[in-house]
Amino acid sequence: MPIFIKRRSRTMGASPGTLIHIGEQKTGKTRISLIDYDGENLQEKELDSIEAAFPLKDLPTVTWINIDGLHEIDVIEKTGQYFNIHPLVLEDILNTGQRPKSEEFEDFIFVVLKMLYYNENGEELNSEQISLIFGRNFLISFQEIQGDVFKNVRERIRKPNTRIRKAGCDYLAYALIDAIVDHYFLILETLGENIEILEEELIENPTSKTMETIHGLKREMIYLRKQIWPIREIINNLVKGDSSLIGEPTHLYFRDVYDHTIQIIDTIESFRDILGGMLDMYLSAVSNKMNEVMKVLTIIATIFIPITFVAGIYGMNFKFIPELEWRWGYLMFWGIIALVVGVMTTYFKKKKWI
Amino acid sequence: MPIFIKRRSRTMGASPGTLIHIGEQKTGKTRISLIDYDGENLQEKELDSIEAAFPLKDLPTVTWINIDGLHEIDVIEKTGQYFNIHPLVLEDILNTGQRPKSEEFEDFIFVVLKMLYYNENGEELNSEQISLIFGRNFLISFQEIQGDVFKNVRERIRKPNTRIRKAGCDYLAYALIDAIVDHYFLILETLGENIEILEEELIENPTSKTMETIHGLKREMIYLRKQIWPIREIINNLVKGDSSLIGEPTHLYFRDVYDHTIQIIDTIESFRDILGGMLDMYLSAVSNKMNEVMKVLTIIATIFIPITFVAGIYGMNFKFIPELEWRWGYLMFWGIIALVVGVMTTYFKKKKWI
Amino acid sequence: MPIFIKRRSRTMGASPGTLIHIGEQKTGKTRISLIDYDGENLQEKELDSIEAAFPLKDLPTVTWINIDGLHEIDVIEKTGQYFNIHPLVLEDILNTGQRPKSEEFEDFIFVVLKMLYYNENGEELNSEQISLIFGRNFLISFQEIQGDVFKNVRERIRKPNTRIRKAGCDYLAYALIDAIVDHYFLILETLGENIEILEEELIENPTSKTMETIHGLKREMIYLRKQIWPIREIINNLVKGDSSLIGEPTHLYFRDVYDHTIQIIDTIESFRDILGGMLDMYLSAVSNKMNEVMKVLTIIATIFIPITFVAGIYGMNFKFIPELEWRWGYLMFWGIIALVVGVMTTYFKKKKWI
Amino acid sequence: MPIFIKRRSRTMGASPGTLIHIGEQKTGKTRISLIDYDGENLQEKELDSIEAAFPLKDLPTVTWINIDGLHEIDVIEKTGQYFNIHPLVLEDILNTGQRPKSEEFEDFIFVVLKMLYYNENGEELNSEQISLIFGRNFLISFQEIQGDVFKNVRERIRKPNTRIRKAGCDYLAYALIDAIVDHYFLILETLGENIEILEEELIENPTSKTMETIHGLKREMIYLRKQIWPIREIINNLVKGDSSLIGEPTHLYFRDVYDHTIQIIDTIESFRDILGGMLDMYLSAVSNKMNEVMKVLTIIATIFIPITFVAGIYGMNFKFIPELEWRWGYLMFWGIIALVVGVMTTYFKKKKWI
Amino acid sequence: MPIFIKRRSRTMGASPGTLIHIGEQKTGKTRISLIDYDGENLQEKELDSIEAAFPLKDLPTVTWINIDGLHEIDVIEKTGQYFNIHPLVLEDILNTGQRPKSEEFEDFIFVVLKMLYYNENGEELNSEQISLIFGRNFLISFQEIQGDVFKNVRERIRKPNTRIRKAGCDYLAYALIDAIVDHYFLILETLGENIEILEEELIENPTSKTMETIHGLKREMIYLRKQIWPIREIINNLVKGDSSLIGEPTHLYFRDVYDHTIQIIDTIESFRDILGGMLDMYLSAVSNKMNEVMKVLTIIATIFIPITFVAGIYGMNFKFIPELEWRWGYLMFWGIIALVVGVMTTYFKKKKWI
């Protein structure tokens, strides 16, 4: 089950801005990687300590620091101090139960998003919190685990004459957000396939397992929705906001992500409607099944109960039962049976039960 | 099943603006047709290559280039370069899973719409993406297949003194959008007829097939809704937008399309409500049926079980059962039977079961 | 069934503004009646041709031209030409599947409304489209059939010192719209009575017919709602609009109609809620009924099946069954039967089944 | 049943502003009572005719005229003429099917509200329409019956040094509206108690009567809601409106009533949700009951049907049935019976049916 | 059951601003505790009477007066007089059925919130009303019982160099509101755990108890929702309001509480959706169970009823039944039985009933 609420009890009562990592530790050592580039040059390396990245902050090149793993709080703390980040922002980065949101500050913009992915056996939907802080010429990204969602962005940076190499930090931020939002389409494709499989199962052979699957998909949809609705607002704020950190040419790109978000939301809503309809279908299938069971019972019972009664009559020991003495009594009995069965069968045929 | 989400996985990770055709290839060769007209003159021809249309761009006549088939990417690309279209727009044209939308640029307005049609045997609802780009004196339309939705517009252009011949590119854009929106009425008429047929079936003889049909119609409604809601917003933007590309006299026409869209939306919502009510009717019909089955079973069982018992009594081998010795014992037995059956029948009549 | 969508296929592809009457022809000859009045004078006559009314257009008196029947297109066309009405407006007047709406032009205001009425046997809800075009001193009303909804307005005009005689065209427009909206109250009263009758039926003797009636009422409600919601907006636009054609003193009257519309909408919503609740009651009544059937079956079966077994035992032909030889064997048998019946009856009483 | 729509047919077609009392006559003679006060003086008397109150209109003291009974139209008419009240307002006062609303005029503010109360045996929810018209130093209240909802306000006025004596007409209007809104809390308390009683009944012994009670409460809730939602808007308009008739210090008091209204609305919505949940509980209780009935039937039938078959075997008259000759045949028979019963009982225990 | 409406009848008719404590008395003596601090100094003591705190009001230090217990009305009254608090505000403080709200006055801001907590055995959700009044350098908090929700805030104040010691009254107000809102997360965690337990129960062994638990959780959710939605608005007002009492630097902190509130609301909505889905699962589980019961009955009945009939035939006493005389008649009988059982079993296997 996707976790809807993280244990926050640990921080309760702590002063706001106290840095405590909420959520499970998903990676070993915190890994810091740096990419520093402009149109001409590119520098890419792994850092042992976050301090090594600080001198690059004031260079005009775009400096992208990626931090994988949130449990080493002193790394986050030092970064916060050097880049002059408000303690409440750092608290939000560390609290992995954060709701997606964006906040504009004077020197930087802060964005929290959720990356969703199915675990290895493709059964459980997991989420990873990704935070971005980007200013005029630096961008810091915080990931819970060492994921590969940004791999494609890195590769595009490595190529010399791409648009990303020529653009600034706002375009890099766009590229990363776009990568995350694009990833939702993968989730939707998987969900869409699951829904189609379920639909066939529903028509061919609905079992009580089907009901659980529908319920599970509904829960995933609720969770997905909760993560994606805020993104719409976030990107809207970034585009409509008057922050000078996002240049005019990048607006068009953000609008493109916005369109994708709307499309994802639309699709989720459609899926919800479809799942709701599937529930109705399941319940009606169960009703139909019971109807069929009842019919079988009724047909058997209404045919055999009367003829059993007839057999019962001629099993009686009355001294005087004329039929018993008749020459063709037994044949007459079978005649009655045939008659009853015939009448009943006709009745059921008329009722379209058989 | 109408496809709710197209495979986007292929473009994932690609740089934004990378031109990849998403969707199945629905036509053979890309076909380019050109109509160039003003009040006096009309020129209509098929082009072998898109370059042949470029010189017409700067003439004051209205130049309508229609491109059927999106899989030949270089045609799209050349058009984009010549008309100075942003790569993101070209990407949207090629991605046939696009949500209907409009975007205003300095030199042109970009509109994406969905044309819906039933396939040949009238059973499946298909969609075709149609994109329009129109500037001051050119309009480029992109279709997935070589359809005939614009046939009527073409014929109106061919007549010399029609309003369309005297008006500009904005009116042509209106005429094309109007043709697409008008087409939805056909879909609604078909749906309305299907709903009426279903309703009669529901009252006369509801089967589990009926349920599937209701579900299918609901899905089509969800899909239709998803395609049409955005059109409302699109046309609203075109009318309310301050783009100088749409002249004042054409506003009234766009408002007319807007009214049609609202009417379509209204009808879809009504259909949804009606379908919801039909589901309730179906479930209640199933309940009633089961009730009837139960009644038959109960009537038969409650009449015959007691009298079978009576027959059982006189089939016993006790040494001393006085009734068995009686002269009129067997007649008495039939008297008891008649009594039981009479009482039961009266009871059921009172209960209105028979 | 109220028709939710009219066949528009006939106009599809026609140039916008092409005049085609959509809807069935409901009256014989088009009938044109004219009332021309001011505070002092009143002139009322039937016209043979619409041209006879044209000279009155520019007089300062209020000229009300009422046209019953929409199928004679040339009448509409000539009116349009003389009063300088946009072809799209004429198209809307002729298309009786129009959604209620209002549009302001420089010289006149155009309003389309729906008049609802039950047919003669009071079983089917029909609709008639009524269009109004009013300028500074003329008002043209278009009706599908020769109805009497405006009879009262006419009578008020005939009286010399009424407010309507002193007021202008805007007040006449108000009076006509008010007459139409007032008519909805009649429909609501009928619906309210039907709902009350249904409610009693539901408590006393719900049948599968009841379900169909609920469904029918729900459909009428959906249809009603679709016709009335837009009126709210229409009147709001008229009041809030800055058209000089509606004078300040008339605003108060339009606000009154607005209040009535809100009240109608409120009542419809209440009715919808009540109908929703009635559906639940029906379904629960069906469940209760089945429960009762089941109980009868269970009581009979659980009493008689065990005692039939007992009778079966003593019908066996084993050589050695001691009880058969007993003097009081048969009495003992009846004792067992009495015991079983007693225990069962007590059990059912405890369960409150009997 | 609370009446959702009053017969308006009588006024249909009448000129707007025609004074006709719609609703049943609930009191005998129209009773006019007058309270005239300022900080120092207080005058309280019953009037025989409304004219006696007119001279007080222009005095600086607060003049409160209370009219009980709406069927004597000339009283209303004279009041209207003297105080210069628009005929549409008088029409609204007399039409007791009015929706709660407020309207601001130059000289006065007009407010219509609904007072709800249970009839004597506490079973039926009735409503009374109360209209207020207040200007700078007069307030006229119209009631359908001679109620005591304003008793407390009167008593507060009679005490010499209360705030109400020092304040103006706007505060008096507030006090009256507050008295009406406060009265809704009584209704809600009664409803809350009914819901709690119902909830216990639902868990202990749900009958088909329970369903009717739920339905009845839902209807009351729909009715209540319809009356209270508009109040929110009314008070909002009074506070936000720029009428000079409501002084700044009274705004705070109106805000207080506004808060109460919101609280009432909140509670009604909660009640609706709870009632919705109770319906689900009822339906599931009915299902559970049927399940239990079925189980009893199934247990009895599946135990006795097989053993009755065994008894049937040994009741057969075949010449050669070896068991019948055995010494311990009859004992063996009982052994088989014990075995079958044992197996069945174990099976049912495993299934948790017994 | 959480109480949805407090008895307000006691105050009905009283003059607005009359101080009456509504709600049960939850604590013994009213307890007044005082904390007075600035960056350097801290003074903390219990007061015997509220008057002892008054002199501190005008000092520049932050003065926090906490009052536990609302039943001693004179304490509230004296506080109100000294701090110049409007009687309506005091009335709101004493009425513990108040809806959460905030109001801005010239000298202070008034906030009412609800603290929720489970009672000792963790079964019932209780609420406590907490009111805050804060001005430039004083804050008065009113609690119903002597709770420990503010304990952590107190401890942070006791530490010398914390942010809270350096900040003003607005920050203290933030800290208290934050403590209350943070407490909701605890409630949500408990609810989340209960939902998970319920979900397992639902899949493994749903009983009618399960239904009651779902209903109970739904009610708690309704209650929770009613308390939390207004908080969103409250904090929004505080942040967006232009009161000079809340400094710019504190805005960021209020925005943080706002985010938490949104997150709580989101989670509640998700829980509601999940509970709705669980209800469907429960109903379908009940249906499935009944289906299974029916199947067992049908299988037993349809196998044994026909073969009992066969046994009945050969129990008849006709003079001439040839089979009875046959040598292998009895064996033939068993053959027929085996055949019938075999056919039936095959049929049920095909139907997947066994």
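By letter and in written order, the chains are A, B, C, D and E; residue numbering begins at 1 in each of them.
The rule is simple: contacts are C-beta pairs under 8 Å (C-beta built on N, C-alpha and C of every residue); 3 or more make two chains touch, one makes a residue touch a chain.
Predicted model only: the values in this text are computed from it and were never measured.
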Applying the touch definition from the top, give me the chains sitting in contact with each of chain B and chain E. A
Validating interface symmetry: for the copies chain B and chain C, is the fraction of residue numbers used by both over half? Same or different. different
Using CA atoms for the superposition, what rotation angle relates chain A to chain D, in steps of 5 degrees? 145
If you average the CA atoms of chain A and of chain E, how far apart do the two points sit, in angstrom? 26
Distance from the mean Cα position of chain C to that of chain A, given in whole angstrom: 42
Which parts of chain A, given as residue numbers and ranges, touch two or more other chains? 283, 287, 290, 294, 297, 301, 305, 308, 312, 315-317, 321
For the protein chains shown, what form does their contact graph take: line, ring, star, complete or other? ring
Ring of chains, enumerated from chain C in the sense that reaches chain D first: C, D, E, A, B
Of all residues in chain B, which touch chain A in the complex? 1, 4-5, 7-9, 12-17, 86, 88, 97-99, 101, 103, 205, 208, 211-212, 215, 218-219, 222-223, 226, 279, 282-283, 286-287, 289-290, 293-294, 296-297, 300-301, 304-305, 307-308, 311-312, 314-317, 321, 323-327, 329-330, 333
Residue ranges of chain E touching chain A (in the complex, touch as defined): 151-152, 155-156, 162-164, 175, 178-179, 182-183, 185-186, 188-189, 192, 196, 199, 203, 252-253, 255-256, 259, 262-263, 266-267, 270-271, 273-274, 277-278, 280-281, 283-285, 287-288, 290-291, 294-295, 297-298, 301-302, 305-306, 308-309, 312-313, 315-322, 352-353
